[in-house]
Every structure is written in C-alpha cells, then in structure tokens.
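Scrolling down, you'll hit the structures one after another.
Heads up, the next two complexes both have chain A, just with different partners, chain B and then chain C.
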Partner chain A sequence: MSLAPGTTVRVSTRPHEGHHRTPGYLKGRQGRVERVHGRYRDPETRAYGGDGLPERELYLVSFDLPSGDRVLADVFEHWLEAAE
Partner chain B sequence: MSTRYDRVMERAAHDRGGWPTDARIERTEHDLADWEMLMDAIENALEARGVMNTDQMRRGIESMPLDEYERASYYERWLFSTETNLIEQGILAPGEIDQRLAP
Partner chain C sequence: MTHDHNGHDHPHEPVATAGEPPAAARVRALHELLVEKGVLERDDIRRRIDWLVSRTPADGARLVARAWVDPAFKRRLLEDARVAALEVGLDPGPSPVVVALENTQSVHHMVVCTLCSCYPKALLGPPPDWYKSLPYRSRAVSDPRGVLREFGVELDDRVEVRVVDSTANIRYLVVPRRPEGTESLGEDDLAAIVTRDSMIGVALPVAPA
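On to the complex of A and B.
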C-alpha cells in the first residue's frame, strides 16, 4: 500500500511500548499526506539491534493544529490510519 | 534484542512537543567542552564500526529515568545511552567506567 499525496489520514493512538518516532502530540490528529519520502528501515526494531526489515513507507504529513499552527512531520505508514 | 524501556510510558520525557509551558527557551550557544567533542567522536566511531546505530542511541536516551533526563545535558544523555548500549552488548561491564575513574 502506498498513500498518494493529498490523502487524508489520522495518526494512530494505539499504545506502544518501546522506541518509536511518532510524536505524542500528533497521535489522534488528522493530517494530509504531502509527499512520499520512500521506504526506510524500521527504527522500532533497529533501536533494539534488529535489522529494521521490512522497510516501511515514510511520508511527510501536514497537520493544522487548533493553535493555528501548521506542522509538517515525517510519519511512517504503520502509524497512519484512514480518516473519514 | 536487548532491554526495552524500563517502564510503560504514556509520553516519554523526550516526547515534548505540545507540552504546555511558559518557561523561557534557552537559545544561548556555548562552546563545546573537550569531553563533548570526544563523546561525539566515540559515538560516530561506534556507528561506523557497526557497534550501535542512531535508533539504539535514541532508545537509550529515552530509557533514562525522568529526573536524570531532565538534569542531563545533551552530551550527558549521549554518554548515558552509549554506556547503556555497550553494557547491553557485554562490551562494558556494569559500573566499569565508574570503577576506572575511582581514585
């Protein structure tokens, strides 16, 4: 699966014990895919000495926050869910 | 595979974006001390030799006890994580650095 730029997504709120690169303040927020970065080794297993395979798709996602700020963040596909 | 976090965290200490605060953000630059440059060099050498990677480095920092994380400077956190990773891999014995530094 690959998400096309313009796709509306929501960041997963699932509990996760251990290293991951998804900022807490974005969890549960709706955003928009801006760019497909490509596939990268998974930091969640590399952090424990693993090989990080299979590679995961990484996206640049934009978020319009209630404060009026617009935030751009890199989020891996396995942290993104379909948004209504 | 080595140790995971030593506790379950809702938001770990490093995950600070969005925390409400009125505190002033310290933006002053400072010259690096010799030990800080050495710490950077050691870390890069360990990565180049495949002993540890950036993700292991970050995970080690994130596993710091909250109060120690708050007290530690940037490169003190690197030192903590590097020591933690080397102990996990059996390259250093627990307490080995402290023992060698003891008078």
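On to the complex of A and C.
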C-alpha cells in the first residue's frame, strides 16, 4: 500500500495489546495524508526483540480540530484504512 | 541553582541515598546484563549520556539563523535537516530523522510527543521537563491555542496552528519566523535570539531591544 499525499484515511480502531505508536486519541479519526516519510521497521515487533520486518510505510497524517487548527501525527500504514 | 533562605528557618529533608526510585535498581540490573552479554561496553551508556547533555539549543539556533539569511540553505534545511546540519558542521546524531517545519504568516507549528517525550535531542539537547509533562502532552493536541496563550503566544485567528505529534521515527524542529527589526543583524546575533522554546513552537523569537 502506498498512499499519495491528499488521500483521505481513517485510523483503525482495532484492539491492540502491547507496544504500538498509534495514539488512542486518533483511533477512529478521519485524516488526510500530508507526507510520505518512507519505510521504517515496525516498532510493534522491535519492542519485543524482533527484527521489525517487514518495514512499514510511515505517513504524516493531519486531523482537523474543531477550532479550525490541525493535529499532524506520524501513523504507520497498517493503522490506516480507506475512509468511506 | 541558588537557594535563598532570606534569613528564615525551616526544616529540610536530609540528603539521602536510600529510597531511590525502584526503576533505578532495574536500570542498573539491565545495564549489568547487557554488559555481561556483550551487547554494550561498560562505558557506552555514559558516553551516550555525555554526548546527549553536550547538545544544546544553540545548535538548532545556528540552523535557523542560517536559514533566515540564506534562502537556498533554508530550502535544503526543509528538504533534509540532517544534510543541512552536517553542512554547517553540526552532529545530527544517530538514527532518528529530523524534519524541519517552517512557520509562516499563515501557519504556526508546535511540537509535542503525546506517547512519550520524543524530541530532536541531537539539535536541541535534552527536552525541558514541561515537554515531558502529562498536561502539556495531553492539552497540546486538544487546546493548542490555550497552551500557546499560557506560554505567552497569542496568534492571529487567521494563522492556522499545526500541532505535530512526533509519534514514531521522525523528530521535528520548528523554524520560527524571523522577527521584524532584525534586518541589520548578522547570523550570530540572529542565532542568539532563537530560543529553545521557539524551535518547539511555543514561543516566538524577539528582536533585541
């Protein structure tokens, strides 16, 4: 999966036990891809002594705040879903 | 730090080595294990800490000041901060990738790490305590303008605030706007007004009086 900047996405709400880098406050939120950072080893297995492979695409995704401002956060590809 | 008693008298807890946090013993045990298993040399951690605390916001400030006076350098900084840091003789440190974000007339960036305390340490030194505090980490992403006001930053409503949550491998450095009244300053004088907080995005550089 490779998402182009501007793509609308939703952060997965699937339950996950253990270390991961997707903050809870963003789960279920719809956002937009701002940047493609490239591929990085997966922290979810590296945290437990694994090799973090396969590498995962990391995206900078923006989320609207009610004030009209935005939050931008780095989210790995396997936490992003297509938004309806 | 000075401690002025102003002549008054009050009891102080004695300095004690007992009652250290439980994590300290765990860290020592882990260190011993890593050395024993040959993962680390005994002095690796101390060397790494020495390197880390030798970094200061003055390094990041040099990048910002150069970017203010040299538009071509600014483009390179925004494209690849690591390459730009090497170009001015700075040590961008080991792995994490640093991305520089430019504040403009219409966009103001501020940086937080809601999950822990990720910070561009190679270019700014260790993070301030408030950066690691729960109130900053939780409120920066829900009420950024309120947090900015508490830091003394009042932004025009037309300026969009972008709070950047460094949740993974990337570290973010804010390139603040060059304040008016600094047109005659050279690079070194400009670097002196680029504060740590302005590179986190919770303060604005101020022209010298």
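The rule is simple: the second predicted complex is superposed on the first by the 81 of 84 C-alpha atoms of A that agree within 3 Å, B and C clash if a C-alpha of one lies under 4 Å from a C-alpha of the other, contacts with A are read in each partner's own complex, and residues count from 1 in each chain.
Keep this in mind: a residue touches a chain if its C-beta (ideal position, glycine included) is under 8 Å from a C-beta of that chain, and two chains touch if they have at least 3 such contacts.
The shown structure was predicted, so the numbers you read here are calculated from the model rather than taken from an experiment.
Applying the stated contact rule after C-alpha superposition, one finds that A:72 touches chain C and leaves chain B untouched.
Once the two complexes are overlaid on the shared chain, A:62 sits against chain C while remaining clear of chain B. When the shared chain is aligned, chain B and chain C each come close enough to touch A:25.
Put chain B and chain C next to each other and count what each touches on chain A; the higher total goes to C.
Looking at the shared chain after the overlay, A:43 reaches both chain B and chain C.
When the shared chain is aligned, chain B comes close enough to touch A:17, but chain C does not.
Overlap of the chain B and chain C contact sets on chain A: residues 23, 25, 43.
Those residues of chain B that touch chain A in the shared complex are 1-2, 4-5, 8-11, 15, 17-18, 53, 55-56, 58-59, 62.
Contact residues of chain A toward chain B in the complex are 17-19, 23-26, 43, 46-50, 52. Within the complex formed with chain A, the chain C residues making contact are 97, 114-115, 141-142, 144-145, 160-170.
Residue ranges of chain A in contact with chain C, taken from their complex: 21-23, 25, 37, 40, 43, 58, 60, 62, 65, 67-76.
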